[in-house]
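Right, I'll just put the structure down here and ask away after.
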Amino acid sequence: MIHILLLLSLFTFTTHAAVQDFCVADVKFPESPAGYACKPATVVTVDDFVSTGLRASGNLSNIIKAAVTPAFAAQLPGVNGLGISIARLDLAPGGVVPMHTHPGGSELLLVTQGFIKAGFISSANTVYVKTLQKGDLMVFPQGLLHFQVNAGGVTAVAFASFSSATPGLQILDFALFANDLPSSLVEATTFLDDATVKKLKAVLGGTG
Amino acid sequence: MIHILLLLSLFTFTTHAAVQDFCVADVKFPESPAGYACKPATVVTVDDFVSTGLRASGNLSNIIKAAVTPAFAAQLPGVNGLGISIARLDLAPGGVVPMHTHPGGSELLLVTQGFIKAGFISSANTVYVKTLQKGDLMVFPQGLLHFQVNAGGVTAVAFASFSSATPGLQILDFALFANDLPSSLVEATTFLDDATVKKLKAVLGGTG
Amino acid sequence: MIHILLLLSLFTFTTHAAVQDFCVADVKFPESPAGYACKPATVVTVDDFVSTGLRASGNLSNIIKAAVTPAFAAQLPGVNGLGISIARLDLAPGGVVPMHTHPGGSELLLVTQGFIKAGFISSANTVYVKTLQKGDLMVFPQGLLHFQVNAGGVTAVAFASFSSATPGLQILDFALFANDLPSSLVEATTFLDDATVKKLKAVLGGTG
Amino acid sequence: MIHILLLLSLFTFTTHAAVQDFCVADVKFPESPAGYACKPATVVTVDDFVSTGLRASGNLSNIIKAAVTPAFAAQLPGVNGLGISIARLDLAPGGVVPMHTHPGGSELLLVTQGFIKAGFISSANTVYVKTLQKGDLMVFPQGLLHFQVNAGGVTAVAFASFSSATPGLQILDFALFANDLPSSLVEATTFLDDATVKKLKAVLGGTG
Amino acid sequence: MIHILLLLSLFTFTTHAAVQDFCVADVKFPESPAGYACKPATVVTVDDFVSTGLRASGNLSNIIKAAVTPAFAAQLPGVNGLGISIARLDLAPGGVVPMHTHPGGSELLLVTQGFIKAGFISSANTVYVKTLQKGDLMVFPQGLLHFQVNAGGVTAVAFASFSSATPGLQILDFALFANDLPSSLVEATTFLDDATVKKLKAVLGGTG
Amino acid sequence: MIHILLLLSLFTFTTHAAVQDFCVADVKFPESPAGYACKPATVVTVDDFVSTGLRASGNLSNIIKAAVTPAFAAQLPGVNGLGISIARLDLAPGGVVPMHTHPGGSELLLVTQGFIKAGFISSANTVYVKTLQKGDLMVFPQGLLHFQVNAGGVTAVAFASFSSATPGLQILDFALFANDLPSSLVEATTFLDDATVKKLKAVLGGTG
């Protein structure tokens, strides 16, 4: 018969070490370059590691007929510091996820419904495009411009996994036209003409 | 009018830099601690970044009624070096993914069909278990024992993303009973009795 | 003759930079994914970098006749953030360190007294076992199951270095049997029979 | 008197360890995810660590009146694996470095002549713009869109350091208009009209 | 016409994710092994990413006729966590930056005025020395002893970029002679004689 | 009864993934920035993970009465890529390990016999010194100058673990005096006088 107390006395340090298994995000404290502060292990529960927020589609009643629902560290605190996160993507017929980048991580797209034409462009300006169906995967290397468009007559659903708990998202049109970056600077640095820039700023709420 | 040739002469270095966007696995050369060698950019195509191998379930006609189909760097060469990969999990009614770890990465599970009861155990021996339905997520921190079992009357499907292109997989029963590790050592280090060890070695093909 | 004050005025920034040499653990503040918060450099002393806690054996009067004494970041705050730590292992004759993993780091074992049979199992289920004597080394890659047993008639002593200041420790039997993970789940995910699971739960203090 | 040979016999392992100080790029072998293969230490010379290629401006006789001359691992092999590189930037009056990203690293810009207006846009679409003069610095976080324009009547010179030996460079207009990405996809994913896309494709040599 | 509000509702998560683009140093909170705590994104301004502190030379009226002016994370908070920083180096005729190391990063030196003889010594004790002129680069791998001396009759200026926001600086003579390390220990560990050690301790303000 | 073949068919991918558990050094191929190339898993044996080379002291019949015997990746190929290694240190009475740094890793010293006075100096020029006895530990942060001297009348033995498989070793006197670095440069950058430099160059075999 093994004596429990003796055994436990042997390994009492495991309690101290345990919190290092994970670092559940605690947004009440300042972040560090490595991510959010850690919630004390004593108050961590299974729900810190579980999300039900991606069960349903986001709102598709918008002009691009698309919805992106993230489960990054801010939404799913258990992924903090673990180098992984995910987002749900819904695309109605005609829907588009506009040209964008993730500055902080690579993406692996999994189509679970419908058809999606997806692509990315390398630093050498080479285009990699493919039409994906249910069960297909496509990887988008970190920081490169990429896009997804619905390629069928039905709503498409996909899940994008990321190699970071906080991959970020920079949507090209929002970056160029939805802020106060002066039109003259946009024009000088994109070769777009003034009318185009002004029109898109108007549409997207930009000024300047 | 912009003069193309002059523009291009300005940025001719982009071709050299481009291959650094990604490192598509080339299994003909020796690996390094950071992953597989890179295929030359000139022979990379979109298919290096795409996988259709997870469209269908693996074979479920086995005793644990489960199938795991990976898209790691060996199957999807475009993820090499990018810190991301995925695997498909199919669980028939009564199916089980036995207790296991991924030594090289954290896992983020997404259920796409049916119901799955999943759990992991921390270094402090705390158990985190949850029953998940379609659209639910659960994260399993790197290196910790975890499992998944079908929790409904229908076949369940899930996709497990990993924070590594080569997360590894160590299935507990295979590690203990499916090789030539002497029974006496298994017994001494697991507190299992000789009959149990011998029986499982017989079932799983182990010797010694 | 060199003028000290002038020299010092030149390099006054070194004081600010100095704290970046190390990050001595301050457990009063929340942790981050990269480790404990740093104690201010002004209150750091040499004793933050020194440990005398491994001079003596831990208590060997337990059923497995073994003691593990760690010097991780929680015990030796100077290693915080430096990717290194150590633990002392004492094994009386017949002593065993049961099957376990370190989720957060690789281990390098050094035997300093007696004889130890040590081994690990790879993801491919290959077994690597060796009997070590005084002065011998064996490395256990991160996250893989491994064990150590006394292989002589005298008490053995060893020191295990780790590639992390917080490597963690998951002991297989504690993870399976020393908590409230329901027996039915243990059985379904390990192929062990109910009697075995119930017996070990009783011994190790588990419930369910 | 110290006996040299005895001393040397003590530390004979230093020769083996030395090559690990650096990893000078050897482009004749396949790359790995961590960078180029290493040239044998025996053939490394000081010139592997030195570059004279940034003494002079690149050709400014182009429509954007700008030249970028890199010293990345491909041009300065000594930086391979060291997480640092640099590029020279020359901007004639009216010159522009168009909107671009570096997928693989952050940038720290140092102006050494003239005046440059520089800016970047965050994932939150906030704009950070500043006019810099000789001796000024500005940092552009990894993967975010940024630009530089000459802000004076004289040629400006700057040096951009990067946190990677291979930071990459994705110029927005080249990515969108200088390849065979179909106009319909560009339009759908950027909200630009067909005339604008066709015009810029014509200018930049794109097709489709 | 695109409907702004609908579009924005689609991507409302971008605000939460944005702070992950960067981590501007907030020195009021404890540091972590990964760097300083992050200032809340709401109070970050462009000036956190800009430095004007390197416009002018530091004070050269000292015995070594040299000045080093850093822009590390403590001076330029925007580089915190980004793996990049810089320092300005001014060397009057006859000026010297004494033998030193950067424990935390590699250095890439750019000469912008005059002539500098620079060198480093590898672990194999091989010397790599070169005289650099305006526009020349030289890389010094992490942790290796290196130096810079003015090699012309005019004041030289250079900028040293680092692969870390906090590379550190250990100046050999200060480490050996400007503190209370007992002379007997200095002598035993450097082979220098007592008179030399005592003299340099006197000059540099050391005791013991 | 579990059917072995069916089970195995389920997890056939484990063979491909297994090699990613470790990367045993294969010195016949070029290194990468992340370490040596990997030996194929099929030819790896337990002896790749075991070293018997540290059983005995190195030769102490030298003027500094010390011996260092490394087990880095070049000597113990199994540690390649795992971020851990070790070296044995023997110090006869009066023995000294001269002032040195490890550019590539932090060190954790364990004394196993006798008494050792050890110390390091921070970037702020603060000295941390302690006399250690059997069982004591001291950590030396990466890249900082440190030393060990015998502090008793008997031979001392210690084992130094490192946070890198290739930590490197730069011995101050060898770097300054055992090569062809011109005496004038040594003098200018260390403030040592010509007689001292010439004498030590003569002793250590340096020229110039």
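Chains: A, B, C, D, E and F, in written order; residue numbering restarts at 1 for each.
Quick note on the criterion: a contact is a pair of C-beta atoms (placed from the backbone, for glycine too) under 8 Å apart; a residue touches a chain by one contact, two chains touch by 3 or more.
Because the structure is predicted, anything quoted here is derived from the model rather than measured.
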item	value
Matching chain pair for B-F (criterion: over half of the contact pairs shared, by residue number), options B-C, B-D or E-F	B-D
Chain located farthest away, centre of chain A as origin (C-alpha)	F
Where chain A and chain B are represented by their mean Cα positions, the distance between them in whole Å	21
Between chain A and chain F, centroid-to-centroid distance (C-alpha), Å	42
Of all residues in chain F, the ones touching two or more other chains	2, 14, 17-21, 32-34, 103-104, 122-123, 125-126, 129, 141-144, 168-169, 174, 191, 203
Inter-chain touch pairs (all)	A-B, A-C, A-D, A-E, B-C, B-D, B-F, C-E, C-F, D-E, D-F, E-F
Contact set on chain B toward chain C in their complex	96-99, 101-104, 117, 119, 121-123, 125-127, 129, 141-145, 147, 149, 168-170, 172-176, 178-181, 185, 188-193, 196, 200, 203
Interface residues, chain D side, partner chain E - complex	2, 14-15, 17-22, 41, 45-47, 49-52, 54-56, 71, 76, 78-79, 82-86, 88, 105-108, 110, 112, 120, 122-126, 128-130, 132-144, 159, 161-163, 191
Contact footprint of chain C on chain E as seen in their complex	30-34, 58-59, 61-64, 66-70, 72, 74-75, 103-104, 166-169, 171, 174, 203-205
Complex contacts: residues of chain B adjacent to chain D	1-4, 6-11, 13-14, 16-21, 23, 26, 29, 32-38, 40, 80-82
